[in-house]
Amino acid sequence: MTDIDTVSLAAQDPDKNQPYLELGLKDDEYERIREILGRRPTDTELAMYSVMWSEHCSYKSSKVHLRQFGEDPPASDAMLVGMGENAGVVDVGDGLAVTFKVESHNHPSYVEPYQGAATGVGGIVRDILTMGARPIAVMDSLRFGDAAAPDTKRLVSGVVAGIGGYGNCLGLPNIGGEVGFDPSYAGNPLVNALCVGVLRHEDLQLAQAKGAGNQVVLLGALTGRDGIGGVSVLASATFDDAVDGGGAAGPSKRPSVQVGDPFTEKILIECCLEIFQAGLVTGIQDLGGAGLSCATSETASHGDGGMRVALDKVPLREASMSPLEVLTSESQERMLAIVEPSNVDAVLALCQKWGVVATVIGEVTEGDRLVVTWHGETVVDAPPGSLADDGPVYQRPVARPDDEMDALNAATGARLARPVTSNQLRDAVLVMTASPELCSRRWVTEQYDRYVLGGTVLAMPHDAGVVRLADDSTRGIALALDGNGRFAKLDPYAGAQLALAEAYRNVACTGARPLAVTDCLNFGSPEDPAVMWQFAEATRGLAAACRELGTPVTGGNVSFYNQTGATAINPTPVIGVLGVMDNVARRLPSGFTAADQAIVLLGATDEELDGSAWSWVTHRHLGGRPPTVRLSSERALAWVIGSAGDGQAITMAHDLSEGGLAIALVEACLIGGIGATVTLDGDPFVALFSESTARAIVATDDAEMLFELAGVNDVPAQLIGTTGGDALSVAGQFEITLSELRDASESTLPSLFG
Amino acid sequence: MATTPRIGVVTFPGSLDDRDAARAVRAAGAEAVPLWHGDAELRGVDAVVLPGGFSYGDYLRAGAIARFSPVVNEIVSAASRGLPVLGICNGFQVLCESGLLPGALIRNAGLHFVCRDQRLRVESVTTRWTSDYDEGAEIVIPVKHGEGRYVADQATVDALEADGRVAVRYLDNPNGATNDIAGIRNESGNVVGLMPHPEHAIDPLTGPSTDGLTMFGSVLGALVSA
Amino acid sequence: MARVIVDVMPKPEILDPQGQAIVRALPGLGFEGVTSVRQGKRFEIEIDGGDPAAIARQAAEALLANPAIEDFTVHLDG
Amino acid sequence: MARVIVDVMPKPEILDPQGQAIVRALPGLGFEGVTSVRQGKRFEIEIDGGDPAAIARQAAEALLANPAIEDFTVHLDG
């Protein structure tokens, strides 16, 4: 142990050369650390600051933009816990609350798709558990390169199997999500996972270490060399020297991939929930990015004193780990609990019952220092807040790339060849239906358990997932997750709003009342002013739209550096909307449920084809401006569907989004197994494929009542046809049998990905 | 009327559908009694359900470790004395591993986990768990598994078929199971194992049908009249 | 400390979908001449004291292999 | 016709949840002294023509092993 750098060594050797630049810290950041400590940091402290002040943990590039979500939030009386905790908490009535959050695992999923996606699910589930909630469902939003590109099959197969493998083994129903393909994601797929949990108001837990003398208990998996430095740029030769304390025999072997252990997570969840139920903890925090560094400094900083940790007590997978490795390890399936001394035995007994490894590693102290020892030597002695809360904040340069954007916005698709004849229109519907972008997601969703826990009321392929919150209640929640990188590429401000509008509309179409938002902002490098402009625009757009829709952002995640070489992905804000439903028996499916019902199109259709699925699928064209954002119309539409659904005046609702009315009709027919005959007004091509927002189709036995309701709320309503038969017929144009549509829709993904 | 029948639902570390099985038991009108894997004790229950899930993560083989648990020991000996036992999915795998039922369940032919609403035919109604179905009834119950492909040596399969010990059969085989076998029974009909999840077909709100409820009702009928 | 290897293979008469999938995939990757692949499991076990081979054999019989579908072999490593 | 064995094992530094689940279970089954179990895969491959060991090695690199988390060894059977 002689070559471990300690606080006393730091005092003796104040000018030791330290590899802070290699660890991703800037000169002035290093100076600030020296100032905070009043001396040079130890190697272990340096590593801690470097991970805690990394982009991933400190949000240093995004913080100034994310502030607008919290500072001027929309009026809502549902928020119990807002931004800043592990996940936001929303009151849903009956003394119940719901917590939900979406998070990215993009980069690990490119390296090892199965494990990257699996551990992504594991991480977000622990965030929800940390709030004191029982996780009740997951969702996933995925983006890959072109479906036919050489590497796409490896990524799709691995990611889908990994999401399923982990979530299924945890016993969490997967209730929805999305899959997209676009060449911009070829070298950088997006894997965003959402988890939602339910708790009683009084069960809320917070990530804080309070009460001097309280014990710090580490629960779950052994700590290995996983993901050390994964959150910053620590994988440098110099860092290896630092890790090995200079004297160790060569650089240690560090895994490049983390393997998930869902079984360990499952017993950890059940064990923690029993511990919460018994009232045995005063604070709890999951271990995610930056591992123990983050969990100890955050809980200490949010508590009322300091903390002392004996790092050598941490149970290790590999005995030869250094203190720095133990502190920054990102091994999965671990939690940190703060426990009153009199409750420690009870906690350990419950852990024994579930077979969860549990170890007291430290205690809450008076004062305001985080002190970490290693076999009696002090290796860290720092103010926890300086690590957790006082990281650097950057106002990164922002610059709209005028030439590129002006050219892009000018390149409208007005001159693209459009289908004109009945046959051309028919073909276009079939081509769109069969395209990887729009075809059935069954090949994916069949790999996910949607039944476990017994509360799933709607799941794929419906617009949103709906889950009943308790066996003895009719109350439920609806969740949708949406993003559209093409719209955001054309206009990031509108793109973020359109993603929100679509998720909101999806939730509304189940009959639920949209309440709150979570977001995962996937962008390129923040050091590129053009990317930072996209980010600034997207956050500004999202904040404004949330105010207009009355749905606060409760939390989320930022993923930067999504790019291949210098080329960034399409900016992709992925937005989750949560809604509530008083009576889940009234939920509206997305498919037709009976023949001889009137089909009504709600909302107004303009000629809006730039950025549309039609332009992309049939011409690989992206240019012009995205469809108009119509937030007040979205609100009115949601109100009409909610009221009509509650009054049982409509039997289904399906939103219009990618692929417009054509794809909405195809899906409504295929989901319900019931055909439709419709008559189109005006240009049939525009009617079928325009992607004007704030629209939905509904079916009803009582069209009159619906028209009245729509009229009162200023929602345009148009009777377009009738359900029934075994084909989709467009009067005067074409007819396609459901079996032909089904073949087109269902065969694409299996034939691509087997 | 006799006292409410009590049906045990076992929880192993990694059991997932145990709450759901208990819900189905209650929906059928019985009391659900939780049984813990580590207790060598059946708490005087009238029947036992081994629920679905991934016991011990199922990393080695589905059900391989769970079958050594103290509670399974008790179940094996009670089953030989006629206790009705239903193994669902992972529970079926445990029953095969423990030798209460023959054969094994291996990786699905398509190598993917499969979750779908599955059409089935009830082949044997002379079991404690299927007596309320009509013979040959076609039902819809979800399947959701990655290792559900039933296999056994030819002699075993022949014997199952000859003795009418195939309990339920797939109408469109999701996993490549031999002879479309979805579930089997033991000779005396008190032990049934199947891959589909009847506990997820008890309420049209949360499942594709209510066909699964009949399975839990069947055993109750037998218990109440006994 | 002894290291024992237990190899567990599907019985010849039992279907091996994973092995078959590999045989089907190989020609597409440019591998010719592979006529059969069978996929099993390999366990590397470290045992302290006792008769390591005997202990490993018992563990294989009891747990690591399922006699209905699998055969196994045990050998000391090295 | 040659028979080649490819053994694929999780890299030593990579978590092996499968092996760990077995190690945790064994004491309960009366097996003492087992300090570590790692679970990998064993492939038995039959190859007709060419250089069987080289073909197997390439197949292992391309398909049988995942280089991010696994190591493999190849040897001719017998």
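What to note about this one:
Per-chain residue numbering starts at 1, and chain names A, B, C and D are given in the order in which the chains are listed.
Just so it is clear, contacts are C-beta pairs under 8 Å (C-beta built on N, C-alpha and C of every residue); 3 or more make two chains touch, one makes a residue touch a chain.
These numbers were taken from a predicted model, which means no experiment stands behind them.
For chain A, the chain with the farthest CA centroid is C. Per-chain Cα centroids separate chain B from chain C by 29 Å. Rounded to whole angstrom units, the spacing between the C-alpha centres of chain C and chain D is 8.
If you average the Cα atoms of chain B and of chain D, the two centres end up 34 Å apart. Between chain A and chain D, the centres computed from C-alpha atoms are 36 Å apart. Of all residues in chain A, those that touch two or more other chains are 261, 263-264, 355. Along chain C, residues 62-64 each make contact with two or more other chains. Multi-chain contact residues of chain B (touching two or more other chains): 56-57, 59-60, 65, 68.
If you sketch which chains touch which, the pattern fits none of the simple shapes: not an open path, not a single ring, not a star, and not all-to-all. Contacting chain pairs (ordered by label): A-B, A-D, B-C, B-D, C-D.
Within the complex formed with chain B, the chain A residues making contact are 161, 164-165, 168-171, 261-264, 266-267, 354-355, 445-457, 468, 471, 584-585.
Interface of chain B with chain C (complex): residues 60-61, 64-65, 68, 96-97, 102-104, 106-109, 111, 149, 151-154, 176.
Interface of chain C with chain B (complex): residues 10, 13-15, 17-18, 21, 62-64, 66, 68-69. Residues 1, 7-9, 19, 22, 25-26, 29, 31-50, 55, 58-59, 62-64 of chain C touch chain D in their complex. For chain D in complex with chain B, the residues that touch the partner chain are 17-18, 21-22, 25, 28-29, 39.
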